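Labels run A, B, C, D and E following the written order; every chain starts at residue 1.
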Amino acid sequence: MEWYKIVGSIVTLIGSIFLFLGALGVFRMPDLYNRMQAGTKATTLGTILTLLGIGICHYEWLGQILIIIMFIALTNPISSHALARAAHFRGIPLTKGSVADKLKEKESSEVEVN
Amino acid sequence: MNITNIVHIIGFALILIGFWGMLTQKNMIKIILGLAIVEVGVQLVMVAFGFIEGRTAPILDSAVELSKASELIVDPVPQALVLTAIVIGVAVNALMLTFVIRLYQKKRSLSINDYKDLKW
Amino acid sequence: MIKRIIPAILVISIFFMLLKVMTNITPKYDLTGVSKTYAEQGASDLGAMNLVTAIVVTYRGLDTLGEVAVLFMAGTGIALLLRRKKKKKGSVAKKREASEILQTGSKLLVPIIMMFGAYIFINGHLSPGGGFQGGAAIASAVMLMFLADNSFKINHKVFGLIESLSGMFYVIIGILGLVMIGADHFLDSRLLPLGEFGKILSAGTIPIIYTLVGLKVGTELASIIDNMKGDLE
Amino acid sequence: MELQQGIFILMGLAMIIAAGLAMHVKDLISSIIAVGVVSLFASLLYLLMQAPDVAMTEAAIGAGLSTLIFLYALHKTKDVEEEND
Amino acid sequence: MTNLPEILLQISTYFVSAGIILATLRLIKGPSMADRVVALDTFTVISISLITLIACISGRVIFLDVGMVYAILSFIGVVAVARYLEGGL
């Protein structure tokens, strides 16, 4: 019984719970921006933890797994940022309880200056 | 109910859905999307023909013993066929979409019902 | 009404056809015929770890040549159909620029994706992957530059040169096999020594052929995307 | 073994639902996205059927290239479509 | 006790499958197309970890290459749809 396998599988389990919670947030959150936050932040953390756990289980694969983690950390924020910006310009409304809309404030102030 | 049969059912269901969409939709882009779904179904069925349960991928690295390779790996020939079919599929889709764009520039319509030049 | 009935009849008949096919399939339990031969002899014969690569490049090399030709014809057809017209002044619709994060990120990611595509097709005989996948990755890098930068244009001369040179060398390697090995060895990969099993420089000409195929497929798909984008010049 | 069959059936159901959605919804972007989902799950199925080469091809082409080609075609034929909506 | 890691990995596979089901429900429900794109984004991220789990269960290191391709190329589709929606294509 190797101890690193137990540690790795526990880390994987925590990561998969984060993945599940992210998907639950995608399903349950009230508006698009909240859903996007759940679907990006939680799932990115979950994926990184899952990969790390498997990397601990099979320590000889750790190099490739670190490369995958680097790719995810580089690409995931870009896609969700582009999507959120597009949804904002498309005019998809925020939910009722939201308190701040910085992009709109910035745009309106730029229009006033011009 | 083994895995080959499950994948065959999935593939055949995709083929039927794609055909139904191709035959009933009016929008030409949607017809091409139906053809893309049919392609995915056919490729799934073809890969499932070569799948053997309990065997591993046809790449002979340290996990596969070289002398007993033919008893340990799945069939590589359908995989090679599907590999080329996918690339061809996307090129053919692009060509058909080009035809749609040209037709649209001619008649300003995407509906298949507006093109009845050869209808008898 | 008739427009619903005829498709329904057709789909139901296709369903019964597929049902007939499905009930006659028995799952395989062993390799048979040609695939058994490939699995037994492929490794010692060609020195490639990846048997799919061995089949695509050497055993079925002529099919791959034909496929590259089909891809070339599709690309040419798209370029012919979507010929560009000269731009009239002031007629161009204004497009929204990409955000700064996307621009910076694409500057960071495009070289990585290009390098990764090259890694995929150079390692085609050792790991999954090969010319088609690597070509798709290179085309995706070009696509990311199109998405991030509205004024980006590809250099048609360089792309056309790479495409035609790689296609030409592919055919030349095939004919060399015909000349040097024997009459029925078109596109044979055993021109060069097979080398040590499992190293990068092994398996004869398979890495060279897959690199050429990768360059050709990548430039081909990139020019298809460029033509589909088709802004007026 | 049970778990593996369960994953196959789950992914197959997701694929069939996405394909039906692609043919059913009115708006074209949603149906292009649904076809992207179909090709994503197809790539996972290839991986489960021990065909990593095919899975890699489907991932590299179905993820970006095919979606973008459809979107360009949609962009070029857009003006009438927005009138109809 | 000896096969505790395998049991834990199986439980993680169940959690990931439940995530797929929930994201599929959002794909069906999604009122606007942007919601469906969010579902696609979630699918791609989940599928990377599923690929790694498959590689771990079947014990082949070569499957990680597919995961690498997915990790670096799958975001391009989402970016393409986003650029289309904001009118910059």
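What to note about this one:
Simple rule for what comes next: contacts are C-beta pairs under 8 Å (C-beta built on N, C-alpha and C of every residue); 3 or more make two chains touch, one makes a residue touch a chain.
Predicted model only: the values in this text are computed from it and were never measured.
Shared contacts of subunit C and subunit E, meaning chains that touch the two of them, come down to A, B, D.
Ranked by separation of Cα centres from subunit C, the top chain is A.
When the C-beta pairs in contact are tallied for C-D and for A-C, the bigger tally goes to C-D.
Among the chains, the centre nearest to the mean of all shown protein C-alpha atoms is found for D. Averaging Cα coordinates per chain places subunit A and subunit C 32 Å apart.
A straight line joining the Cα centres of subunit B and subunit E is 21 Å long.
Per-chain CA centroids place subunit A at a distance of 12 Å from subunit E.
Within subunit E, the positions touching two or more other chains are listed as 13, 20, 37, 39, 58, 60-63, 65-66, 68-69, 72-74, 76, 79-81, 83-87, 89.
Contact with two or more other chains is made by residues 9, 20, 50-51, 56-59, 61, 79-80, 83, 86-87, 90, 94, 97-98, 101 of subunit B. Shared interface positions of subunit D, defined as residues touching 2 or more other chains, are 32, 50, 52-53, 55-57, 60-61, 63-65, 68-69, 72-74, 76. Applying the touch criterion to all chain pairs gives A-C, A-E, B-C, B-D, B-E, C-D, C-E, D-E. Residues 1, 3, 6-7, 9-10, 13-14, 17-18, 20-21, 25, 27, 29-30, 32-34, 36-37, 40, 43-44, 47-48, 50-51, 55-59, 74, 79-80, 82-83, 86-87, 90, 93-94, 97-98, 100-101, 104, 108-110 of subunit B touch subunit D in their complex. By the touch criterion given at the top, residues 10, 13, 17, 20-21, 24, 27-28, 30, 33, 36-37, 39-40, 43-44, 47, 50-51, 54, 58, 60, 62-63, 65-66, 69-70, 73-74, 76-77, 80-81, 84-85, 89 of subunit E touch subunit D in their complex.
Contacts from subunit D toward subunit E in the complex involve residues 3, 6-7, 10-11, 14, 17-18, 21, 27, 29-30, 32-34, 36-37, 40, 43-44, 47-48, 50, 52, 55-56, 59-60, 63-64, 67-68, 71-72, 74-75. Those residues of subunit D that touch subunit B in the complex are listed here as 4-5, 8-9, 12, 15-16, 19-20, 22-23, 28, 31-32, 35, 38-39, 42, 45-46, 49-54, 57-58, 61, 65-66, 69-70, 72-74, 76-77, 80-81. Remark: subunit B residues 56-57, 59, 61, 63 touch subunit E in the complex.
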